[in-house]
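Letters A, B, C and D mark the chains in the order given here, with residues in each chain numbered from 1 onward.
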Amino acid sequence: MPNTTGKKIKIGVIGASGYTGADLIRLAACHPGMEISALAANTHAGKPLADVFPHLGFVDAPPLVKAEEVDWSSLDAVFCGLPHGTAQDIIATLPESVKVIDMSADFRLKDTSTYAKWYGREHAATHLLEGAAYGLTEHNREAIRAARLVACPGCYPTATLLALLPLVAAKLVDASDIIVDAKSGVSGAGRSLKQNILFSEAGEGLSPYAIAGHRHAPEIEQEISKAAGANVFVNFTPHLVPMSRGELVTCYVRLAGSHTAADLAAALAERYAGEPFVKLAPKGTLPSTQFVRGSNFCLIGVYADRIPGRAIVVSTIDNLVKGSAGQAVQNFNLMFGFEETAGIAQQPLFP
Amino acid sequence: MPNTTGKKIKIGVIGASGYTGADLIRLAACHPGMEISALAANTHAGKPLADVFPHLGFVDAPPLVKAEEVDWSSLDAVFCGLPHGTAQDIIATLPESVKVIDMSADFRLKDTSTYAKWYGREHAATHLLEGAAYGLTEHNREAIRAARLVACPGCYPTATLLALLPLVAAKLVDASDIIVDAKSGVSGAGRSLKQNILFSEAGEGLSPYAIAGHRHAPEIEQEISKAAGANVFVNFTPHLVPMSRGELVTCYVRLAGSHTAADLAAALAERYAGEPFVKLAPKGTLPSTQFVRGSNFCLIGVYADRIPGRAIVVSTIDNLVKGSAGQAVQNFNLMFGFEETAGIAQQPLFP
Amino acid sequence: MPNTTGKKIKIGVIGASGYTGADLIRLAACHPGMEISALAANTHAGKPLADVFPHLGFVDAPPLVKAEEVDWSSLDAVFCGLPHGTAQDIIATLPESVKVIDMSADFRLKDTSTYAKWYGREHAATHLLEGAAYGLTEHNREAIRAARLVACPGCYPTATLLALLPLVAAKLVDASDIIVDAKSGVSGAGRSLKQNILFSEAGEGLSPYAIAGHRHAPEIEQEISKAAGANVFVNFTPHLVPMSRGELVTCYVRLAGSHTAADLAAALAERYAGEPFVKLAPKGTLPSTQFVRGSNFCLIGVYADRIPGRAIVVSTIDNLVKGSAGQAVQNFNLMFGFEETAGIAQQPLFP
Amino acid sequence: MPNTTGKKIKIGVIGASGYTGADLIRLAACHPGMEISALAANTHAGKPLADVFPHLGFVDAPPLVKAEEVDWSSLDAVFCGLPHGTAQDIIATLPESVKVIDMSADFRLKDTSTYAKWYGREHAATHLLEGAAYGLTEHNREAIRAARLVACPGCYPTATLLALLPLVAAKLVDASDIIVDAKSGVSGAGRSLKQNILFSEAGEGLSPYAIAGHRHAPEIEQEISKAAGANVFVNFTPHLVPMSRGELVTCYVRLAGSHTAADLAAALAERYAGEPFVKLAPKGTLPSTQFVRGSNFCLIGVYADRIPGRAIVVSTIDNLVKGSAGQAVQNFNLMFGFEETAGIAQQPLFP
């Protein structure tokens, strides 16, 4: 049901000192139905937002506080931008009345042993797992609308699954032979201090990382397997690109039967017709991260391969928007009855 | 008077294939009171906007046409993003009923001989010059509200004058000894093909350019002289910085009398109190282009110099927003009775 | 035979105003056995080198002249950095006494119909084609030593073939199922003015390009097919990365028989043992373009895939050095009896 | 006296895990007269160099050890790339037989109270201070040749003093009114983990920092004052530029008497005639960091100001080469009788 009350929804942000938290605040500040009522960030508690993110220095928002100081029951919704592992502990303590949009990894994997293996700890809030809706908006709207807790997908899974799920589900491609060569801007690595993301280390250079071992691989496999109706492994090979924002996956797929690249394109076009944010690249445009920067768009293109029987599917998003905070707002809009585009209709920032 | 009709203003953009045109369209697409009714760009006439700017491929806008094909009388307002020299010729032909917000340099300089000297041609629309309001919003609101033609300042003058005009006018600094060391992102050089703005030439490097000969120098001098009540020369030394957006001026000023840097800061704080877009950097924050990227903010800081009797004033904007399209929208809002922040309230995009 | 005369080799550079020409001059200036005797660049004839490349302003070199003004017979060797198509025409006119190291694409493809198809013109110097040695140094030393004309490989083929040729030749991988996801810095696109390589277009963004249609694909296929003993198609998908230098290919291969990724690594380690420039990445280091920047090194790593029966081979070079001018000097050293590392022993420039 | 023995000089590097240490190793690896005999880096002791700097993974060098494990008496020369404060403590313990080229700040300031004020600790090796030669090569050759300990200047002072010292000494400019607007690549901030030098923070942005409070200010003032014969303050305002390497200072000077910008240019040209590394920019070339990247060059230009009686002097270097490791090698060459250009004759790396 549409939100017609005109009353603002009181939101809180946990993990307000990270990049996903910051981008959520950026979007919230211009959202017609949000009021920023609490910002929690334990290591920066007591500081005004301007101290932590000078670019948000003139947003109407309260100072940062410790999570335990927040009166959660006064809030309607909480966005969680904490690192995996810590998110579940706080979320488990929130009152039932608060709807939760989690941007962390904690409620994405349905299998707790897979979670434990990839995230290095037992899941401590398994009672919330089943009810958590996977927040890939375009593929799960009804569940998201009804959920109290939405687990927003990782950035890489968002770009990958939007491109591949319809193709796998329609059995247009062989789910057991999918290669995802992924490229991400450095903001995807977060704001924690690490040597490899210093400007002088990551600049003017391209580096693969976490080959065959990235945590987004099991998430992608979970959803691809579900669509395929069979457990599959997916090659997922990420690379760090010298840019702050943007993510692009180049997916190499084997065509099923006598299908062609054009069939894939047609299937995607049909699947996403009318979607406000997921778009097929028009003829003459190759999906590039520049063309979605700062926006909630996902841009997809399909191309024939030189190897007979293969095709190439390219998908690009802004990792912090459609890959995180933007999709979180999109889900919020569903959960609270706003226009799905409310607060996230900005066009990309180019150049 | 406020615009309360709810009717959208029909706008046209001339020079829609340049960066300022693109940023204007980006902002217009989300403006509550604009309808994009015409896009003119002679060299790309006939193409959909998506072909020229893929990032704007999903904006609701007509295809590009030649300027002579537009029925200007059907429009309410025209934004002009043409290069200097060509702008005046088209603007001179527009019907009186159309209000014009010019982002080119053609109506900024009041002295036609200065114009001819710096822009290499005689001014051909001198009858429009006198009525043209200089569009430095915070310093000329009444004239802008009343004007039919607004000449938006150059990007460098915007950053520089917002910082210095109040200090010069109050005689806090010596107007004859002002040094402006300016730094700009590469988008300031436009989209025309030039070797020095190729990625491999401008990347990973910093270059001064147009030393003592940049066209924004006479514009700065015109306004500083007016505020000072005397003709002065201003040192203006621009540098090209390996980033797309952003502009920062570091101004070195000699303090008048026994004034201090703190006096300057206080004067600016008072002058801009309540302004939605011009802000003094809070303690602990140095103005940096990152903190205003993609937004209409101008961020200013004042610092004591090691040399006694001197101070340093730093000012930063996004060259395409407050330095061009954003300020143009801000002026449009004044001219058509919208909230001054309508369509340009976005927070900066960081990281 | 080693060059023990101490006499310098007189070299000329054709196409001295492009990036490969510039990097050749950069290396030649410090080579112990080269004397730069002629620089040809038709569009810049008459200018000192400093005007065209200020960074080479203090190199001891003659001014640029038109190709027809050069007395080729006074030279011992000519490096050609012209664009494809024009290179063959000049090379065909050079006296027999001059050895030619061609960095263009004109003598790489042995099949003239393939050349005509991909380069849009008939080959006009087919009499030179057969004698032209393919200049992938580590795989063709004897032919290069003996050749009068060496066709240096493209940058992408160099990175790709160094990684894959030994694996294909030893039938460790399935030659008909090779996917090469390639990433290049912008200098690979040359110095000609094109909109997509402007700083503001290519910066802060990642773009695929020439999907399934890049001219390096047939070159890679020619050499892979030769090693495989069968004609194969190879997927080759390049991407433009916001950095000036550097190239990295991520190759996805299907293992033959019961071979493992470790087998591939062992085969490469054995093949390149003792090579001064081709190196296996030590444990703990992922090949990254930063680690070879400005040097003649090629760094290769092999990794197991999550998909059973597959492996990932990563290879990185500096596109202008090992991918062009550096390998050209390496071949020159072989042809003229110098130490193979002469003039190209510089360590990478990091950060 | 020239080094004609052919025997290699055994060198050690203290602080081998920082950027200046790495660049020293890079240059040493190709120096005709150096043998890398010891690498000390306490926090990385026990690791091979490849673990700390993969780009140097194939240099012939011993693994890193703790400083106390080195047998200093077996070495001929030690380069010190430690942070200020820690450098003096180790240098004080080195045997007299070892010549020391210090790239830290510890022996640059002659006045110990100034040192204590700016570096936050008392100087603990004042007995070495007097004998320490200030290593601005072109201005102090005789002292450097004779010294046991050379204190290489900071990167900013190098660029600034090479441009200004001759002008101040000849009284062509007013030493009490010098403004130095400085711009540096991010590598100047070192390899320690700090938030503001993360790629996503420093990228696509320009930030002033340490306004009126940078430690290179007193160093510049010390040398300018000495040349002027009077104590002066100098404005020194640094900015962080989104590039890894490169440094450029734009100096705003007041002309003394009736001198002109041309007089300054002539004085510099005369002063540096014949210098291998310090060059006046030829007509048509503006000094830019790109043109000296990776090289030991300093490129200087002089320009008339729009303000009568003022001039602009621009100077650029690679902060890690002429600004640190390269100048250190240049001084080493003087100290050990090598050609002054030995090991540092590389041309700049562009693009």
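The working rule: a residue touches a chain if its C-beta (ideal position, glycine included) is under 8 Å from a C-beta of that chain, and two chains touch if they have at least 3 such contacts.
By chain, UniProt protein names: A, B, C, D = N-acetyl-gamma-glutamyl-phosphate reductase.
Treat the numbers as computed from the prediction; the structure is a model and nothing was measured.
For the pairs C-D and B-D, the larger set of C-beta contacts lies at B-D.
Of all chains, the one whose mean C-alpha position sits at the greatest distance from that of chain C is B. Per-chain CA centroids place chain A at a distance of 45 Å from chain D. Distance between chain B and chain D, defined via averaged C-alpha coordinates, is recorded as 39 Å.
Look at where the CA atoms of chain C average out and do the same for chain D: the two points lie 35 Å apart. Each of residues 19, 185, 187, 200-201, 203-204, 242-245, 288, 290, 293, 351 in chain C touches at least two other chains. Taken as a graph of touching chains, this assembly is fully connected, with contact between every pair of chains. Touching chain B in their complex are the following residues of chain A: 19, 22, 25-26, 29-30, 48, 50-51, 53-59, 187, 203-204, 244-245, 279, 281-282, 284-285, 288, 290-295, 297, 320, 345-351. Across the complex, chain D meets chain A through its residues 19, 185-187, 191, 193-195, 197-204, 242-244.
Residue ranges of chain B in contact with chain D, taken from their complex: 176-177, 179, 181, 183, 185, 200-201, 203-209, 211-212, 217, 233-237, 239, 241-246, 248, 250, 252, 286-290, 293, 303-308, 310, 312, 314, 316, 351.
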